[in-house]
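Below you will find the structure I want to go over with you.
We call the chains A, B, C and D, going by the order they appear; numbering starts again at 1 in every chain.
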């Protein structure tokens, strides 16, 4: 498998250096593994810190900026960051108003962020935490590590980020983040496996005529493997999986997300099918976002995330955001 | 080769329907194959119309909006649009101030846009044209169809679009577009071939340990094929190819572009190497844009475009833009 | 050959409609091969392009059959321009449109008259695309075919086929294949191949109606 | 065995440094295999994770060798937490840190004392990650190994190895492999495998110094 890299060991540091050059509006600390809003700490504002394994770009570092994250801590590829990163990031962005950790539900992320929270609190930072576990492909039971965090992260980070930007106190930002997290569900589909730089070959075998339904963003297998399906069939399956779990009673935000290797042309076409299913199911769509936002390296495939919103959450979604990957409003 | 599609025949129409759903701020005419700024025609403003084969998304439709294109005409995959599309788009966006056609230099695009220009002028629209031919991998001689248009298109559309938005008359918008086009050069590298929906298998053979230096955005071969190179070596080769042709004497804008299948993580890492070479060559970089902007379906690889700018062009680059794929300023 | 038909046999609009319908079928049948050829030295769409265009031509002609040979070709040419795109759309569209225009308003035209009109159409293609015989394009089939049509439909077919085959050793100087430089040598040009297909169907249509 | 050393043989800080250096080499050597195992039921990074972490441990210990066995383990554990990430970083980090803490400040510790401390460390791992023996995690190797260490280093090595092998038929209930459900059956757990590696190196280090 060919990659546009030097050596696997330096991919994350190289990417951070490249990001620093492209985004002078961010402070990128390559050594300490963190990307920080240049104007942080913002006086009186609650800070949001997230992070996770690399390989899901633009998540999380591409979401740092006014209206969204205060800092992101990228780990090695598919490996959660270490507590030191989050502790330093929290110290860098805390204005005294406290810090919300946005944590995707993976054993590694949870353990490292929890350790970081303890250490940061020891240093006098007030820390709240929100867990994102939106992937309905995993049964949330005692027999699993629980649902995985995927596309819902974008909604949590954007909406809670907007609340923080408006000046909401930590408790309220945390409550909003939890509300969003509770109302997000996702389902992912892989058409091809991803290849990590360290391994250099696909992380799982997906024969030519098959796809993986319910894949995770690290190439974790999902519900089942099937013969190739059309865009229409995939949309039916994915949207139904999400809707059956979420059972929305009001309008939703829709994220039609690419896993990294699927062309935007196909993704937009897939969105047409997603919208068709949603309309057939009578679910009103307030806003739709199409693109590669929560990726899995070069994996071909897509995911659908729905987030049920009330007026307040929709207003916060529409609020201005200025980050490398999400940008709107003034 | 698996794709997230229904049938090859409908991919472009499907994508346009999906785009319409995601972007209520655009008018998408699926039947007539055009994506138009919702507020067009804008009184007194010169309009910009571009287009080309599909498969290069977000180019061009993703660049429609205030500060950039007035309309885009997507053709079939890798096939230039037909004149009827551009004639209708010109009619839809012309306020009387005239229309600039931004044309990538491919035989098909040139012929179809030229026919469209004649027909539009017959209908009373004043049409100016700018040709983008920035790909230094092709020798510009009597023995070729001339240099291809690739990443430079983004600079031409953005900067000329900003001039039009400011109220510059057609002559001036055209002059600026030509100035940008004359000062843009690109070089592309493929790590894997792309697969068109119609063909269903890679459009060229690229063995595992090799890459194609100087590839075009339709998978056209370039200067040479070599054994796999590191990000560092590729940056040296690509930047030098561009710089030797452009010979900039002032600051440049840099576009570090993904071909579609290369993860953003790798692309940012590649940018670090591009910046290193530029700094070694003593070329100041005014702005850098990293991402998948001028793609070639699922091709893995990258391209580097440099655009030498003076103060005016830089100011126009920085001017506000509000499109699905490029968005900044207020 | 002959079949009792003389030198001054003429063809009406229906003949040209039947030819273009046959061409549409042939292009549909051979689309994969044309795309395959275009994949080697182009962008793998030539078959899909012509399939889309000729299907639209056949549909249009079935809906609104024009009254004269010239009108059939002009209308088919316009339809190709409006539906194909790429390089081949304007070029084939111009070929048919200009050939049709050269035929004027006559309700029936003879082969030699057609050959002359085709020469006009081919010249227009050369002017539009700036290519000459030997540049490894459709002109390498069209030019000798139009010339040989002065002799017979069969000769035109053979000339087009030979012209297409003769593109194999050439280095492309126009169109997308020109980017390949020397690497374009050894491949048959897709456009010349589709041109040969059109002339083969023309000869077949004529033969089916007893003409040579 | 024996080699003239009695039951009450004790080990100093240097012994633990040598063990962790040997572990770093072993992890470096076996990184590909660990990643391969993690690729089957995880995310293909376990080898790279531990390689990075143990290299950092070896470097730290070479630069600032702590004076007591407990300090060596605490410092190594902290370094793992600070450099590994993922699930295994906090878990292995906690194992060593809590084992080290349990050893207190003594300059030399005996095997039985070490076994007791390990039991404390293993319990901390279980508490932190919420996993039990049988969940197909590193605990399936660590728990029997800590227990067997009461008998001998060799017994601990064997127990860890058997524990790792015994994960093959299990269905994972914790960590990333749990997403696989039944599909996790038939694969050996990468974390249990690396745990076995650590106890193998512990036994080797002890053997090289004449202990059993």
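Note that a contact is a pair of C-beta atoms (placed from the backbone, for glycine too) under 8 Å apart; a residue touches a chain by one contact, two chains touch by 3 or more.
Bear in mind the structure is a predicted one, so any value in this text is a computation, not a measurement.
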- Supply the minimal count of touching-chain steps required to go from chain B to chain D. 2
- By Cα centroid distance, the chain farthest from chain A is C
- Note on the structure: Cα centroid separation, chain C vs chain D, in Å, comes to 75
- Task: Using mean C-alpha positions as chain centres, tell me how far chain A is from chain D in Å, no decimals.
- Result: 32
- Message: Quick check: how many Å separate the C-alpha centres of chain A and chain C?
- Response: 54
- Whole-angstrom distance, CA centroid of chain A to CA centroid of chain B, is 29
- Message: By the touch rule stated above, which residues of chain C touch at least two different other chains?
- Response: none
- Multi-chain contacts in chain A: which residues touch at least two other chains? 77
- For the protein chains shown, what form does their contact graph take: line, ring, star, complete or other? line
- Task: Spell out all pairs of chains that touch, sorted by label.
- Result: A-B, A-D, B-C
- For chain B, which residues count as touching chain C in their complex? 8, 53, 75-84, 106-108, 111-112, 115, 137-139, 142-145, 148, 196, 198-199, 203-204, 216, 218-222
- Considering the complex alone, what residue numbers of chain C touch chain B? 35, 39, 42-45, 47-49, 52, 81-91, 128-129, 171, 173-176, 178-181, 183
- Item | Contacting residues of chain A [partner chain B, same complex] | 2-7, 10-12, 14-19, 21-22, 54-55, 57-58, 62, 77, 191-192, 208-209, 211, 228, 230-232, 234, 256, 260-275, 285, 288-290, 292, 295, 297-298, 300-302, 327-328, 330
